[in-house]
Amino acid sequence: MSTDFQPVSGMDLPRFAGVPTFMRLPHVPPGHEKYAEVEIGIVGLPWDGGTTNRPGARHGPRALRDASTMIRAMNAATGVEPFVRRRCADLGDVGPNPADLMDTLERVTAYYTDLAAAGIRPLTAGGDHLSSLPILRALAKDRPLGMVHFDAHTDLYRGYFGGTKYTHGTPFRRAVEEGLLDPKRVVQIGIRGTAYDMEDRDFAKAHGIRVIPIEECVDRGWGDVMDEAMEIAGEGPTYVSYDIDFVDPAFAPGTGTPEIGGPNSLDAQRVVRRLAGLDIVGADVVEVSPPFDQGGATAWLGASILFELLCVMV
Amino acid sequence: MSTDFQPVSGMDLPRFAGVPTFMRLPHVPPGHEKYAEVEIGIVGLPWDGGTTNRPGARHGPRALRDASTMIRAMNAATGVEPFVRRRCADLGDVGPNPADLMDTLERVTAYYTDLAAAGIRPLTAGGDHLSSLPILRALAKDRPLGMVHFDAHTDLYRGYFGGTKYTHGTPFRRAVEEGLLDPKRVVQIGIRGTAYDMEDRDFAKAHGIRVIPIEECVDRGWGDVMDEAMEIAGEGPTYVSYDIDFVDPAFAPGTGTPEIGGPNSLDAQRVVRRLAGLDIVGADVVEVSPPFDQGGATAWLGASILFELLCVMV
Amino acid sequence: MSTDFQPVSGMDLPRFAGVPTFMRLPHVPPGHEKYAEVEIGIVGLPWDGGTTNRPGARHGPRALRDASTMIRAMNAATGVEPFVRRRCADLGDVGPNPADLMDTLERVTAYYTDLAAAGIRPLTAGGDHLSSLPILRALAKDRPLGMVHFDAHTDLYRGYFGGTKYTHGTPFRRAVEEGLLDPKRVVQIGIRGTAYDMEDRDFAKAHGIRVIPIEECVDRGWGDVMDEAMEIAGEGPTYVSYDIDFVDPAFAPGTGTPEIGGPNSLDAQRVVRRLAGLDIVGADVVEVSPPFDQGGATAWLGASILFELLCVMV
Amino acid sequence: MSTDFQPVSGMDLPRFAGVPTFMRLPHVPPGHEKYAEVEIGIVGLPWDGGTTNRPGARHGPRALRDASTMIRAMNAATGVEPFVRRRCADLGDVGPNPADLMDTLERVTAYYTDLAAAGIRPLTAGGDHLSSLPILRALAKDRPLGMVHFDAHTDLYRGYFGGTKYTHGTPFRRAVEEGLLDPKRVVQIGIRGTAYDMEDRDFAKAHGIRVIPIEECVDRGWGDVMDEAMEIAGEGPTYVSYDIDFVDPAFAPGTGTPEIGGPNSLDAQRVVRRLAGLDIVGADVVEVSPPFDQGGATAWLGASILFELLCVMV
Amino acid sequence: MSTDFQPVSGMDLPRFAGVPTFMRLPHVPPGHEKYAEVEIGIVGLPWDGGTTNRPGARHGPRALRDASTMIRAMNAATGVEPFVRRRCADLGDVGPNPADLMDTLERVTAYYTDLAAAGIRPLTAGGDHLSSLPILRALAKDRPLGMVHFDAHTDLYRGYFGGTKYTHGTPFRRAVEEGLLDPKRVVQIGIRGTAYDMEDRDFAKAHGIRVIPIEECVDRGWGDVMDEAMEIAGEGPTYVSYDIDFVDPAFAPGTGTPEIGGPNSLDAQRVVRRLAGLDIVGADVVEVSPPFDQGGATAWLGASILFELLCVMV
Amino acid sequence: MSTDFQPVSGMDLPRFAGVPTFMRLPHVPPGHEKYAEVEIGIVGLPWDGGTTNRPGARHGPRALRDASTMIRAMNAATGVEPFVRRRCADLGDVGPNPADLMDTLERVTAYYTDLAAAGIRPLTAGGDHLSSLPILRALAKDRPLGMVHFDAHTDLYRGYFGGTKYTHGTPFRRAVEEGLLDPKRVVQIGIRGTAYDMEDRDFAKAHGIRVIPIEECVDRGWGDVMDEAMEIAGEGPTYVSYDIDFVDPAFAPGTGTPEIGGPNSLDAQRVVRRLAGLDIVGADVVEVSPPFDQGGATAWLGASILFELLCVMV
């Protein structure tokens, strides 16, 4: 363990002080002399070009950085000290093109291709959920991945507005179609809300994606559900995608498409802790939308989930 | 099923676009050529004349309309597609007189009398809880109704401020006194908070109204409680009144008289789903107060509950 | 004057009641039987696809509709009663494609081409400032227009992010290049804020566009400046574009790119009143961004400006 | 000067500490042993029963008390030390009946009749503008009063909603009709906004009430306008009524019927200072509506105006 | 029971009216003629001098007073009527010195020493958690106390910022060191969040303080945990300290150091009710920070907890 | 000019992207290899230990950094390009001790002593106004400075709370007493609000400090007042201290001690531009308090003022 990759302690410098980086880690952007040493890179992806309803996820990374300066060094619930185990750093933000969706898709894939080539595992702070697609294009280049997906929505729709293929409601349909995900190793947890129709679920069924609605989660218990999820994901390389609207809007109001009836914040944390042992090649927390976030509650929740994800990645 | 009564899909027109009507249904006010075809009418009642504490429920209907444009066509949890089963429409608002309580009571009863005469079943977006009284006067003209009542408060008080009979704390006392409700078929669920005294509960006991405090709901489980509620309401014509302050203020902050210790949003939905099979002659969601609603969370919850009510009415 | 096109009075139905249309006018969308009778159509354009900074203008039309229900029938300052003079209506919203910028540009131009063909003059509630470009493509098909442009920014930039041509910082550069505007008849009023460089102003100078910085406005007086503006616009057909960030952010916080140092709300109104006599073929109020609007102040200001524009269009 | 009626200093006890009374003065309600010694009584009137649009002024007195604890002992601009010159006290609130308008009118008049009988001059913190009517009924019992009235609206309308006589849009029509005001000694300053019609202004003209629109105020200058106002009010007993919506909503967002285009906060103070020398028998600040007050700005402005009024009353 | 110590009823005077005291009780500050009659005194301690992260708890007492005026006379869940059982009063605020931490510690201890000498049991509304230390210095002068402590944090740290001994993260370390608490009779409930290290828990273990993490609370059930807590506290004199950040931030956002994963509001109440029978010599609710409190939810929760504490103290 | 010290352009990377530093400049903390090259260092001082009323200025630097990423490279009003003229950098934050005022005073003075020794001129983002004192102790070590001071308050009080010498109401009294300021070269502009007494002004008079109340500023005109200010400051080394409460709270609500009646945002900028030519050895913007800042307006204003100050420092 290098002391270079340690966060600043709130015991030394108050947590409201200093230039805010993710979890107060050093800022090591591509090109930085220590970039090659990084094992896990936390990346901001400030983009909401695929948003069909309320925008603002482009402001997510900055709000998550700000909130994350309240994170301390140790996960008291599990005893994990991520910054001791791995060299972690804030890699900065991927630069999007807010006025050109296709250009941004390419920029993101290029960024993550380089990152993967450097041997860094990414933990991404989104961004809307379309963000996951160009990341998967980089990470799943060689073989399809499994995925544990926490969300209120399946994001498996065919298209919107008369055929538009790329929105935040379609990334995993595209990913399956492009062979980036192995649908048999994909599980979607917490699905709920009103539906346009059953077209997304029909697609899931047809391809073997396991969809677990919120009612089933609550009735069976989260522990039981997560055991099944671990079995589905199995031992292969797996991506974890965590849409903040998985959590109930009382706990996570700052998101574009809230759906009532979700889990509370403790369950929101504990389902992540259950992922320990998974071969996680990358993870993301998406759809934090600060303009709709009353008092920063969602950013703080999102930062806490980023930390939980980091603890199961190390 | 007529295509005339279908909501606009968010797949065609984004959900933030368009003049906002309830659930994006057509606006069919009294006098409209299609009024007679409506089976279930969603009505706004923008009035808070009976409010003894924090006002603002007069703004409820507009906020509920706005939020309800995020509702899609199908209840994914139950499979119900209400707009396919019944001809539903937004009937517009009843016009209140904000400076004359007695005049408003008369206006509302007149409005619902006409509506009932046209064979429309009303789903009302309030308004404070006094709203239910003039509605009941129209709907229960011929025979007393049963009632399933979700609330933190019994609203069974005798009077306020030295004898004022009509406030949002008294509607169901008046309704029992006027023979609009059959107290033996009335159940009040979720009652909690500090009390002035036991006068309201004494009245309930004396007349056979069943009051189920929140502690009992949680300890027995909502399923068990709702079974009892269904038994109490029985097979006769029943009104459902849903005060948004039934739900915990973390989930529904925008209300005039919040009481901590209520159910979460999933239970808030599921208790309504349990009403399937009831003979519902009318229903309301009341006490959504937008000026106290941080970020519109309560409006969104209220709109979601309106949709659940609609799904058990069709 | 037809009584069909009169707004509902707050003396009859309280202003918080009813389905909210612009200024409580009848909703007459394309295809409606009375569409051909409309003289001035208020149109919502819920789109922010060109936004390079803080998004949210897609929610502008709904917030403007809501606020505009506080508008009454007469302009007390000028005595104008617009709804008596012209048949005005709320035409509804143009349907954008939030995930496809080029598709939206085409949709908007098509919509306004039909509207112009029907002989309706449009008053548009945006949307971000890129909205003006597809409108101008429809309205200036036959001859270039003059323009009075209130804004903190010139919106004359060449491109962003390595060559992206269409953003809310470029519409009038494009419009000049496409021959939609006669630069000699264009005046930009209230320009201020920090600058990337002088490239936009160089373009203005080269083409004869008159740019009046805020300091000059305040030092000369708004009356004097508006006299010059009227002279520049002259007698030909003219478009009026009013970016809400023209106004100081204390009065209009809800916008994507606020710049301090702008006019107060009285001057914001009075500059519009000075346009009486201009041959206005269309007008817009853009960049109202509700997610950044504390308490709806900007929506109310924007609705008031829409009304002032309507009064000089009739 | 008695030390009994001195406010607590922020130099001794921080201004955020202590039970909040108006300006940190002693709480001397009716019945208190020192009630008879009070010369100027600050009274809260927590009532918004006459509000036709956005409610919440019932919460005004509490918010004004809270904000007023930031007031210090001396008016630095004029040198006046009101608490040294007169025995001032917080008299508490008049108890309204929120569900009965007519009952409240009587309660208020009774309260102020007793207060006047005790020789106390009242400075009232409203409450909506209907509050002024029952106060005038008590204070103008013996002879009509002059009035200096700061407002965006004339509040001279005949009635609302098919004949309702008592709303916050009608108090001064009623007061003139009841002989409580001498219309020749009434001046209304800052009038603006859209209008239902000219019916209120016709009434003003017919009775000799001077209405000064905001444009005239700004064009002539506030000093000149206030000279005229002082002349109109003359030397007789005069009431001062200050509707917080007189001030521009950027400075006073927390009110029920905001109208853009009003004065800034410095002019809002200075017009009051111009009243020095007037024979003020009572004054009020009304229409502060905390539920619509972003961050308490309006309460702080209102408290500052209360202090300015106190300084010209001593 | 004296009628002198009864709160004003909302049935008589609306709850938004009147000078706000805790639970609408009479204001009986030290020196007041009835001070000696008080049995339980509710005290405000407006101080946040020990706060290492987000400040604002100095505004807690005022917000808690304001919210507490919605409390009624009876605890409907337990039937307790505290104001009938004991003479309760609002004693006002302890005057802190916001710019001198050591001076404030002394002022607070002096205040509570006098209060204890007068035979009053204090229920304190903080203030940050350092507040508990000077209170304990007064109440535990003669013998160490037991303590039931609800919190997300142990507040047992040694020091901050290079040795600073007095912060809101250290009070109970100091209290144990000073012999004010008997560590064997101390239980800390709900502990969670990331940790600097294990130094605080090592101290707890070394001294026999029982720390119950949130996961254990939820997995065992609150009833079981509270049984253990009652056993630990035993029959001796006990202090109850309730940090509002014990509760999940969805329910209590207005606090300086929120930690997700806490209990909901019903459990937040019920754990207090379990304390019935304890020999409570004093209690506090701390860390309510109004500047971070969206819509006053935390103040209302805190006021409700103060009432629950009062009900187990009588 | 080195390309090393250039800010990132919003034309390349959207302004909402990236780790936020002041004006998107490189982060060059003490110890950094390029520290010695910096000519003007922007420093955060996150401290509010001297605040006697509403706290939160400790969060100022982070909010100012965030807002400042909207600043572009050129001052369009004056043509100044500060980053071309001088090597500017974000030096990071001074580490305060939030629980020990005296310790923090020493830390700050030590930090600025080193900075001055390195030949860097500091532009500080506070922090409350006590921040200026330890800065002056470092910068005025060798000779007293002149000062241009924009503020609503003189900050010349002797002491608070029974003799506390160090609060945000006393820094310049201390600075004069310690010989850090030459009172004859000090001018205080915009003074207003209620006063405890005249003790601060008597001190000013006795020492020759020129106090210009807001009324005089407005009546004479800001240009005339600034001419006098420049004359007072003269040609010697001068400090500029800008308390954000100088500006009217409609424009700058996020501050601890707002006073209505201040200048608008354009005058707030223009008075700084008038300082061109002054020998500025350091400057600060203080009292931005994000917890009280509705929508970030004050942070944006403060960042804009920082930029204006930078432009007159280069």
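A, B, C, D, E and F are the chain letters, set down in written order, and residue numbers restart from 1 in every chain.
The rule is short, and it goes like this: a residue touches a chain if its C-beta (ideal position, glycine included) is under 8 Å from a C-beta of that chain, and two chains touch if they have at least 3 such contacts.
Please read all numbers here as calculations on a predicted model, not as lab measurements.
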Mutual neighbours - chains that touch subunit C and subunit D alike: B, F
Far-end chain from subunit E, centres as C-alpha averages: C
Whole-Å gap between the CA centroids of subunit D and subunit F: 38
Residues of subunit A engaged with two or more neighbouring chains: 12, 14, 16, 52, 54, 58-59, 98, 160-162, 248, 250, 264, 292, 294
Interchain contacts (touch definition) - all pairs: A-B, A-C, A-E, A-F, B-C, B-D, B-E, C-D, C-F, D-E, D-F, E-F
Contact footprint of subunit F on subunit D as seen in their complex: 9-12, 14-16, 70-77, 248, 250-251, 264-266, 268-270, 294-295, 297, 300-301, 304, 307
Contacting residues of subunit E [partner subunit D, same complex]: 12-14, 16-21, 27, 44, 46, 58-59, 61-62, 65-66, 90, 92-93, 95-96, 98
Residues of subunit E that touch subunit F when the two form their complex: 48-52, 54-56, 58-59, 97-101, 103, 160-162, 164, 166-167, 291-292
Residues on subunit D engaged by subunit C in the complex (per definition of touch): 52-54, 160-162, 191-198, 213-215, 218, 248-250, 253-254, 257-258, 260-262, 264, 292-294
